[in-house]
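The first chain written gets the first letter, and so on, giving A, B, C and D; residue counts start at 1 in each chain.
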Amino acid sequence: MKQLFEGIITPMITPLIDRMTLDVEGQKKMLDHLINGGVSGVFLMGTTGEGPSLSYRMRRQLIKLTCDYVAGRVPVFVSITDTCIEEALDLAKYSKECGASYIVSALPYYLGLTQDEMVKFFTTLADNIELPLFLYNIPSQTKLMMSVQTVKKLAAHPNIIGMKDSSGNGTYFNTLLAEVKAAYPDFTILVGPDEMLVSTMALGGNGGVNSGSNLFPRLFSELFKAIKADDKARIAKLQKIVMKVSTDVYSVDTSSVSFLKGLKAALYLEGFITDAMCEPLVKADDAVFATIKKNLVGIKQLLKEAI
Amino acid sequence: MKQLFEGIITPMITPLIDRMTLDVEGQKKMLDHLINGGVSGVFLMGTTGEGPSLSYRMRRQLIKLTCDYVAGRVPVFVSITDTCIEEALDLAKYSKECGASYIVSALPYYLGLTQDEMVKFFTTLADNIELPLFLYNIPSQTKLMMSVQTVKKLAAHPNIIGMKDSSGNGTYFNTLLAEVKAAYPDFTILVGPDEMLVSTMALGGNGGVNSGSNLFPRLFSELFKAIKADDKARIAKLQKIVMKVSTDVYSVDTSSVSFLKGLKAALYLEGFITDAMCEPLVKADDAVFATIKKNLVGIKQLLKEAI
Amino acid sequence: MKQLFEGIITPMITPLIDRMTLDVEGQKKMLDHLINGGVSGVFLMGTTGEGPSLSYRMRRQLIKLTCDYVAGRVPVFVSITDTCIEEALDLAKYSKECGASYIVSALPYYLGLTQDEMVKFFTTLADNIELPLFLYNIPSQTKLMMSVQTVKKLAAHPNIIGMKDSSGNGTYFNTLLAEVKAAYPDFTILVGPDEMLVSTMALGGNGGVNSGSNLFPRLFSELFKAIKADDKARIAKLQKIVMKVSTDVYSVDTSSVSFLKGLKAALYLEGFITDAMCEPLVKADDAVFATIKKNLVGIKQLLKEAI
Amino acid sequence: MKQLFEGIITPMITPLIDRMTLDVEGQKKMLDHLINGGVSGVFLMGTTGEGPSLSYRMRRQLIKLTCDYVAGRVPVFVSITDTCIEEALDLAKYSKECGASYIVSALPYYLGLTQDEMVKFFTTLADNIELPLFLYNIPSQTKLMMSVQTVKKLAAHPNIIGMKDSSGNGTYFNTLLAEVKAAYPDFTILVGPDEMLVSTMALGGNGGVNSGSNLFPRLFSELFKAIKADDKARIAKLQKIVMKVSTDVYSVDTSSVSFLKGLKAALYLEGFITDAMCEPLVKADDAVFATIKKNLVGIKQLLKEAI
């Protein structure tokens, strides 16, 4: 039997001084903030973490720093997403040495793959990595969609223990539950978009890897509890705030990664980190910062009333 | 105040003898089947109805026949989706004369539109149609996505009373609820994909326009009731069958409209209609029919146990 | 043997008073302008003609008016592109009665088709239409791409005599030449985008269906002659102006049909037509008109020097 | 003034024993084959070279080996395409140390970029790399399209000397010529797809980075000469063979990278390399190999007659 994982995992932003320099104090501040906020795990170098933009040197520094500083307080998930299998395996090995708990990987994102190649890819990873592996489906970035049958084949592998789906596709997610979860009840299925946490858990999803928990971890950990307790009034109240973050923080900038620019802007405005994105991304412009600053006031008022 | 519409509306397939000849008896049989199955309304000439493939002569015949035969037993929704506003308005006028209850329109689907043009388009329709109007968002066919802000602007129009969203995008649907529904509680929001009925109603969706209710109307009308009653065990049992239809009927053919080819195959196999698609579509091949025939046995066994 | 068609065909814009009223005088003025400008044919109700936005009443009016007014001076091509085969065939029949020369059709553009369905669709048209038929490939609007093998199959039909490719894909066009043209030398292959006229004729294309010839017919008819004469200096000089139109007229507005809004703006500014688009399209804003007005000065100066 | 580069550059496949082991002898054999075939340069680790799939260790090995073995016989181009700027710059530095001549980079291909971010990205590279830089536009893999205005801004940089466009878009390429080349005549513009070499050079393109030259370098170097000499009969004869390779080698496999799988299959069948792809890619199946083997007979017969 696999160990089912339930709860909120934070796909951490990466605090930076500049593209070559990790903001070590920012990372520690963020980790305390998240753990105090009740999240069930932290996830390094995913899409929200600008993982593919970071040098291998910095990726290693980030893994080591995080594992040391967390010191077992919550599990550490590490994304090894890469277009090169060797580099990915190297990073997985290093993660294990540092004490990380789980490995996460999306598909390689340059050359298009067939479904059979996707199965082979993840099988190769799972066979060669000593930590348990989570699949990560994010077609907005990889431009590849794992079919439900592909996930089902992979769920049979003893070392592939779960999946994060960031497709945003409600039909797909529910088909994963009906086809994969029904066949492998101990296979963990987590959702990416914050906005879908409630609706995916309604049918059996196990939780979320939600970017918004970087900013308001307590909002998400409390929402998770409310869902488990089927406390409808509280769910409605908290979901309203989740949607406010979506509208008022994630959707202010107009680029395709507006959620990420908005999120880093908000975390900077709240005093957790610098405002640096990792190049090639450039931070949102001043008008976006000003709007988000204003919007945060309303969100925090709602939060205060709710939590 | 607008009249909120809650329940299951069937986006009817169009029964045909051939591309020029409506299967009148098939339509009557279907209507009785649906009304006896407890659906809350029938919807003509949507995507499932192959609406854009039908001649104007047949569209009129279908509206008249349906309104006459239904005779008020349930409301009749008519899709006027067209690339030409004049033709759309003509059909809306005729629908009213025949006694239809509601008009539904997707966006014109040839020349790309800006969000402002979308607002203007639906405003023109709503200003010139005497029946209440539903918006229909179906980017898979129109290749256009109405932004949430566009919907919000349109929801303020007194004659636009609701929306069907077939985008399949869970984040988008929940943003509609948070932004549009919260501002206009009497604006009806219905979901398209069968697979998302439960998860969208979990946060305030008003029901579904679900293709699968052509085949098993009772399954959907009972599921709707179970959701309203928050009967979790019954929801789980019925949702399982909904997903079986998705996997075992909709996903057997491999074309981009596999759901439609599978659905018509199943309805033919169940004795309701002929197996004719409206050209340019061609019916699924024999192997698909054989697989679906076999699959229906299992689905009907589950249904018998559940309902 | 099929009759090869070589030259420049103008995909005419549709001059309007408003969405319900054809600008009859504008159409006559345009026709004289084009025929005097030396184009080899005029093409009604294509993408540039906003064909799918026009009512059937107006489509018929436009066909009749044009055939009568042209009175054999140049061949008249009519687009019957529709999602409904019956309506398309009706319009083809009427076109023949009015004296049109050729029928053109793109694929139905609502429900996705397989390549086999595309073959069947065009075969049905070709079998039931008395005028010679041109295929029209325009994936930007139909979201369907005819494979080269599909075109090759259709080129064998005695009544399908050519194709207009507006995909913009240079590899695809050259594969059409290598696979279809090589097998059927009497099959006409014309290019859509103005910018590609020279480069596609370099390898055997037969000419163009070029929107810019609405504005400057002489530019295109002279460029065609220069290409046939292999007059490299003149080709370079005229191609430069073609590209100026692309940059300075087609690319000023920012919508997905900016070429069309820019083109109608320029024709209005030049005194040929009103500035009305057919709803749901809305004309470009004042700033776009002002920029194009300014840009036209430069383009006309270059034209004067060249022609 | 920048040094204009004209001719055929081969985007080399990477010969492998397995995903971790370079086929050193295969690489040497390929290099002799290409240089003897008259190509004007060799390009390492592009899309055809499965660059993003190779470990950094192997990338360095490949650069060193190639520069040493080529020993100045032709210029060596190195792709540093990466999602991380630091890694890219490191590789550029190493390339210079090894004696490479030019650096090539596509856009980072994970997080979506705005046009401004693209300008900043390439400016950062060009400012920090000592070798001259070529831009590489390949939206099929990066899912990002550099606008013509973006390229124009970058062409002003003294260290950005040219561009390879693999978009396949004929309108775009000709707009590059009209807008960028016209403003900066010493900016080199090369085309990717083999099928477009003739049609892009017809209007001023400077040559190609053509995958097919891996297999038949002489075909492409001769075609380049024929184009420069405006030898129409010879162009037609050679272009026919280029298209045969496209149809009979590149389009046999059905995956999205069929060209690459077909090319490696053909090179294996011709005795140059092993049949290994770099995982996650898996080689084409036996039926594809058998078809290509048969097809090569006809292509080589044509080649023998032509060259």
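Definition applied: contacts are C-beta pairs under 8 Å (C-beta built on N, C-alpha and C of every residue); 3 or more make two chains touch, one makes a residue touch a chain.
Bear in mind that the values here come from a model prediction, so they are computed numbers and not experimental data.
Visitor: Let me have the rounded angstrom distance from the C-alpha centre of chain C over to the C-alpha centre of chain D, please.
Guide: Spacing between the chain centres: roughly 35 Å.
Visitor: Using mean CA coordinates as chain centres, what's the gap between chain A and chain C in Å?
Guide: It comes to 49 Å between the two C-alpha centres.
Visitor: Provide the list of chain B residues touching at least two other chains, using ranges where the numbers run on.
Guide: Touching at least two other chains: none.
Visitor: Taking chains as nodes and touches as edges, what kind of graph is this: line, ring, star, complete or other?
Guide: Here the contact pattern is a ring, one closed loop where every chain has two partners.
Visitor: For each chain, which other chains does it touch, given as pairs?
Guide: Final set of chain pairs in contact is A-B, A-D, B-C, C-D.
Visitor: Write out the stretch or stretches of chain D touching chain A in their complex.
Guide: 19-20, 47, 50, 52-58, 83-87, 107-114, 116-118, 120-121, 124, 141-143, 255-257, 260, 279-282
Visitor: Applying the document's contact rule, which stretches of chain A touch chain B when the two form their complex?
Guide: Going by the criterion above, the answer is residues 168-175, 177-179, 182, 193, 195-196, 198-200, 202-203, 239-240, 243-244, 246-247.
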